[in-house]
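Next come two complexes, and both contain chain A; in the first it sits with chain B, in the second with chain C.
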Partner chain A sequence: MVVFIIRRTLLMIPVLLGATILCFVLVDVVNDPVQDMVFEIQQSTGEPVPQSTVDALEESLYYDRSIPERYWIWLTGMGDTNGDIGLLKGEWGPSIEGSAMDIGYEISTRFWITLRLVLFATLASIGIAILSGVVSAVKQYSRTDYTLTFLGFLFLAMPVFWLGSLFKEGAVQLNKILGSTVFQTYGSGSTGFQGNGWEVFVDSLPYLIVPTLVLMLGGYAAISRYQRASMLEVMNSDYVRLARAKGVRNRTVMRRHALRTALIPVATFAPLALSGAMGGAMVTESIFGWRGLGVYSLDAIRAGDTFVVMAYVLISGLVVLIGVLISDILYGVLDPRIRYE
Partner chain B sequence: MSNTASPRLDAEAITTKERGQWEMVARRFFRHRAAVISLVIFVLIVLFAYLGPFVWKWDYKIHSEIPSWAAPSLDHPFGTDKAGRDMLGAMMQATKQSLNVSLVVAIGSTVIGALYGAVAGFYRGWVDSLMMRFLDIMFVIPFLVITGAIAGAIDSSVRWYHMAFILAIFGWTSIARAVRAEVLSLREKEFIEAARSAGGSDWHIIVKHLIPNTMSVIIVSVTLQIAFAILSETTLSFLGLGIQSPDTSLGLLIEAAGASAFNEHWYLFYIPGLMIILIALTINFIGDGLRDAMDPRQTMVRR
Partner chain C sequence: MKRHHTAAVAALACTALVLTGCGQGDDTGSSGLEACLTDPAGCNSGSRADGGEITWALDGSWGTWNQNTSEGNNAYVSMALVGLWPYTGQFDPEGEFIVNEGIFASAPELVKEDPVTVEYTLKNGANWGDGTDIGVDDFIYHWYATSGDSSLCDGCDAANITRGSQVESITGDGSAITVTYKESYHSAEWAYEEVLSEPAHVAEAQGFDWANNPKDMAAAEQYFAETVPTWSTGPFEIQDAKAGEYVIYVPNEDWAGDTEVTLDKVTFRVIDGLQNIVTALRNGEIDGASPFSVTAETITQLQGAEGLEYAVAGGPSWEHIDLNTKSEFLSDPVLRQAVFTAIDVENVIDRTYAYVQSDIERKGNHLFRNGSEYYQDHLSATGQGTGDVELALSMLQEEGYELKDGVLRDPDGEVVELDFRYSESKENRRVTGELVQANLADIGIEVELRSIPDADLGTVLGEGEFDMIDFGWSSDPVFVASASQYWETGSGSNFGGLSDPELDALIAEVNGTLDLDEAAVRANAAVQQVVQDAYSLPIVDTPVAVMVSDRLVNVRDNWASQQRSAYNIAEWGVAAE
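Right, the complex of A and B next:
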């Protein structure tokens, strides 16, 4: 098992490298932040920008090098640098906002905010997907089944940004009616709140409810369809009939015999849900005014801030790959036929 | 001999009509009530978007004679926005642009994905593992970030075909996986062996034998791809990384409606939102109906 995890972790490295190379080239080719900044300076001063300023900008952003060279120093930090670049040295590279904006610091503060949202939403959507899929399968072709199936299709068709805007305004209205602030609809926590980890977490709960609900409803439907199908298949299998024939109680048959096997295909979809939630986080964070990674990368995309976009690509890729690894391990736990040697 | 046989044959003649494969598929599809209703609604939406502008008096542009923020009425069935735009005209244009994007994405990404999946599944071996590793890489890259970064870099002149192109070149991976899985089992069948022994080239076998036999997978994924594309396109437009004004898209209309879900301008928010839901919902039902209709194990009897 340990050997399996180590081998899989090592296999992640080429995938992540490939993903960063592809993204780096694409983002780098389409953006030219130096030109944008020169244009901005020209707009504000009304004079042509001296060549020395352009050169200084290019030098500070490493745009005086070719794309492969820039990727190489972004990754390793080896060679002639200003000491602010190189992943292997723990530096994320310069932001176009200048030296006041340290990408590493921004990421470390924003990462937990986003991870909190994404993890809660993924777990909640998998949970509700299993629940609704199993209920649908057990009561196949009943009114409950049809209602749940239709709801699933509805949420599958609903854009997260629309649902988010709707729920946000709905929560505002509800707060007005109740005269309270059960649901916080702006920000990820009370402004300027200080405390230890647990206090910060408790403080953030009212802020977490509505965005989590939005992301959960945006992500559960697809998994619940698969859960229903796999549960139906298992319920018609011989060993479930045998368990019934032995006189095992219905609840035990469902929980011990049917559900456990029916969960295996669903484990495949956990990483998909995670990557969907990472994408959805960008949308929900910008709607609910969170200062998380999603919004940070969104602003970076708008500004053409290559190194910030790359940081997000790397982190989101890492989170997704860890999700894949966990789902592979879950396979082994759920299905005794699979062994990792 | 033949004289005596013919009356008996007439009596025993098979009375059922011969049906082709596609006829069977169509018959099964039309028994799926939700799918048929969805198909009708979807066709109506397409007509609304493409023929509507020829019938309706206002287009999607701002006109000085249109009152600002008028509630829905006979003159303006979907109301008007702050700047003085007739929302029915705007909805037609927005739906058209969103449909344009999603139809082109569906076709483009399916062509790329089907070829990619068929080639990977057909050659197996190192070609397959190399191509699958590339799919892994594509899976790790956050879709909204990379499409947004490229669309955002085109500045303010993003047209619908830019969006269609960008979404298509990043959105084909799921089709490639589905087609590859199908081809892996198809390539071992006798008819492929026959085609090869008759001297068929690899390309001929892939294009003429393998891909036509994965048509059921492909058609279903085309429909699902439409839903996927419309949700991605509207999301990017909502974030300001897609189609830009003065052109319009369903995502832009919702973005412009802002926080008006519960105030007097509610129609600005709900109408474009319901249109997206309606398109994606009907497409998903059509895809579901097609999947059932094309499944050879399907027995017309509800199990």
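Right, the complex of A and C next:
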């Protein structure tokens, strides 16, 4: 197992390098942020931008170098730099947003913001999915099964942006009825709020409820179908029939024998779902104004902010690869038939 | 193409029907802000309660704290720093320049014309909010930072050096600061020049020998770009802030201004997207916003909202269609004139901007807003923008163009084809393109619509990758430098490559007088010439909205200021009972 983990961890390096090279080239080839910034300055000042300023912009953002040179500097920080770039030196590079924007700081704070949103939503969606999947399987082809199946497909079919807008409007109307702003519709916490982890969590509750519901409902349907299928398969297996034949109580059969085995696919799927959601929450983040990783990357892609995109690719790539690794390990731990050499 | 045109018109007609069906209020706003139509600088006034807090939404973010730099010269930085920045003054919504009462005792005075010498009189007690008075060193610091001269600041990336590069010397005698310009400086807008930015003593306290070491000067500018200001010359000071997210202001007890500040706290908070702003406003999470765009859907939502007021009016930018004089066909001025004549601007406005601003007017001058004392309509008499197909065709036929089987051929027999480019997120520009496409089809020109990813607009303009393009310029009451920027041969912003010696001479004259009225006369002459060149066709001042809780007073929009509604933040307040 240890050898397996080391091998898989080492394999992550070329995968991440390949992903970053591809993204770097794609973002760099299609964007010229310096020219766009110059245009914006012209629009703002109403006067021509001095060439010395254009040169200084290019120099500060490393756009006075070729694409391969820029990538090398971003990766290693070796060469003539301003000391603000080089992944191996712990520097993420400059952002076109401005000098007050530290990409490393932004990535680290936004990672926790996204994790806070996604963790609750994913855990809740897995919990509901297991429950509804099991009930559907146990009561196969009953009215309950059909209702849960219908609801699952309904939420699966609803675009997240639409579901989000719907819930948001619902929250506004509910606030009106209650005569108080119980549900906040934008942001992840009170503006400028500072405190320890628990205080931050409590402060974020009014902001957390609605987006968590949206992410949860959007995500639970697929897992619920997995759970239902897995449960049905186990319930029809020989060892469950044997347990019943031995006279074991139905509840015990279900809990001890069927459910434990039927949970394996969902349990192994969970880390992957969590890591996937970390990268895929950008729509929900946009709608509810959570300034997390998703929104950060979306804005960066739109603006052609290469080094921010690179940071996002690296972090989200790492999270997904770790999710896949944990998923594989869990599979081996939970299913005795699987052995890693 | 006709089908596209019809579809666009149908879609907009449907929107109009929906609006008509759902609208419940007056589309010009309600009570306080309604008066802005007739009293733009005094509407929504009222007596203020002592205390109160306001949360104001900004629809864009910022990544620096230094407005001198290239990355800091945008409206959002300007709004974020509105409570503390040492502006020379502000234009009010009527275009009148109001000198900063917290810094200056009187308006700048022109004490000598040759060379231009301007005297500033500091107000007694004008300070940086930390016990240090504003002085001559601060004026010199700003000059060095914006000089564009590497012997004064080595490594500065000032967004604008037009004024800084023209300063010869700055001297101080007590509260009187004298700025002497070089012989080449002759701007009629000398009184509006920005003369201060950051505190010199803070730079020194950080160890920057800015006055003697050009590299230290650049380092000081970088320090101010990265550091949340702890100083303030305005009515508020920053209590807490995070770049690109929020600024929390509390009153600056050391402010030297006369206006009484009543609010306990003002929070500027970034909310991306118009829809999110309106929802947050309806939900009571914010008290107001003046975003840079407005849609018909927004108006519908605001009409049905309780406790909110809104007003829609021409904002701080204007829409126009520019032609590329370097393109294969449009290098011919007659074709350019015919193209502009065939475009029906009133129809474009009716099917786009009029949906959000019912009283909107076609813009008749590139440099002066309709209603300005200097405004002259140079377009109507030429037929440009009238959609007069007969006139356009007669112009073309006189020059040897031929319309046969619905296809226009130039005198060499080439089929005339053009493209029309617009930012992909701007719905009104897309519809404008479709209407232009239909207009030009009537004179036999096939137009291909090509959208531009928003982030690439600057690149497309800079590279001249267009025949026709619809985009916006900022508009404010300052006009002297604009003609040069837009149209002078070789200007970096003359994206369509116009080169007209006669126009260049007129532009030079605009910059050659210290008399504002005379400069305006000369600017109008330049506008007339550019109309003859058929280079740029103004459409409208782009509508924007201000939306506020009805508990606020003295909050109104201001097209003439980069800070929009926050231009008079010291006067903001919660209405007294």
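The rule is short, and it goes like this: the second predicted complex is superposed on the first by the 313 of 341 C-alpha atoms of A that agree within 3 Å, B and C clash if a C-alpha of one lies under 4 Å from a C-alpha of the other, contacts with A are read in each partner's own complex, and residues count from 1 in each chain.
Just so it is clear, a contact is a pair of C-beta atoms (placed from the backbone, for glycine too) under 8 Å apart; a residue touches a chain by one contact, two chains touch by 3 or more.
Since the model is a prediction, treat every value here as computed from it, not as a measurement.
Within the superposed three-chain model, A:199 lies out of touch with both chain B and chain C [touch as defined at top].
When both complexes are overlaid on chain A, the residue A:69 reaches neither chain B nor chain C. Of the two partner chains placed by superposition, only chain B is touched by A:297; chain C is not. Of the two partner chains placed around the shared chain by superposition, chain C is the only one that A:181 touches, whereas chain B remains out of contact.
In the superposition on chain A, A:39 makes contact with chain C only, while chain B stays out of contact range.
Look at A:95: by the touch rule set out above, it reaches chain C but stays clear of chain B.
Shared-chain residue A:16: touches chain B; no touch with chain C. When the two complexes are overlaid on their common chain A, residue A:286 makes contact with chain B and with chain C alike. Touched by chain B in one complex and by chain C in the other are residues 30-31, 165, 168-169, 172, 286, 302, 304 of chain A. On the side of chain A, the complex with chain C involves touching residues 30-33, 35-50, 52-53, 56-57, 60, 95-101, 165, 168-169, 171-172, 175, 181, 183-187, 191-192, 286-287, 289, 291, 295, 302-304. For chain C in complex with chain A, the residues that touch the partner chain are 55, 61-66, 69-75, 148, 150, 155-162, 165, 222, 225-228, 240, 242-246, 248, 267, 269, 271-273, 275-276, 279-280, 282-285, 317, 453-459, 461-462, 472-474, 476, 478, 481-482, 484-485, 491-493, 562. Residues 14-16, 18-19, 22-23, 26-27, 30-31, 141, 153-154, 156-162, 165-166, 168-170, 172-173, 275, 278-279, 282-283, 286, 297-298, 301-302, 304, 309, 312-313, 316-317, 320-321 of chain A are the ones touching chain B in the complex. Across the complex, chain A is touched by residues 133-134, 136-137, 139-146, 148-150, 152-154, 227, 231, 234-235, 238-241, 251, 254, 258-259, 261-262, 269, 273, 276-281, 284-285, 302 of chain B.
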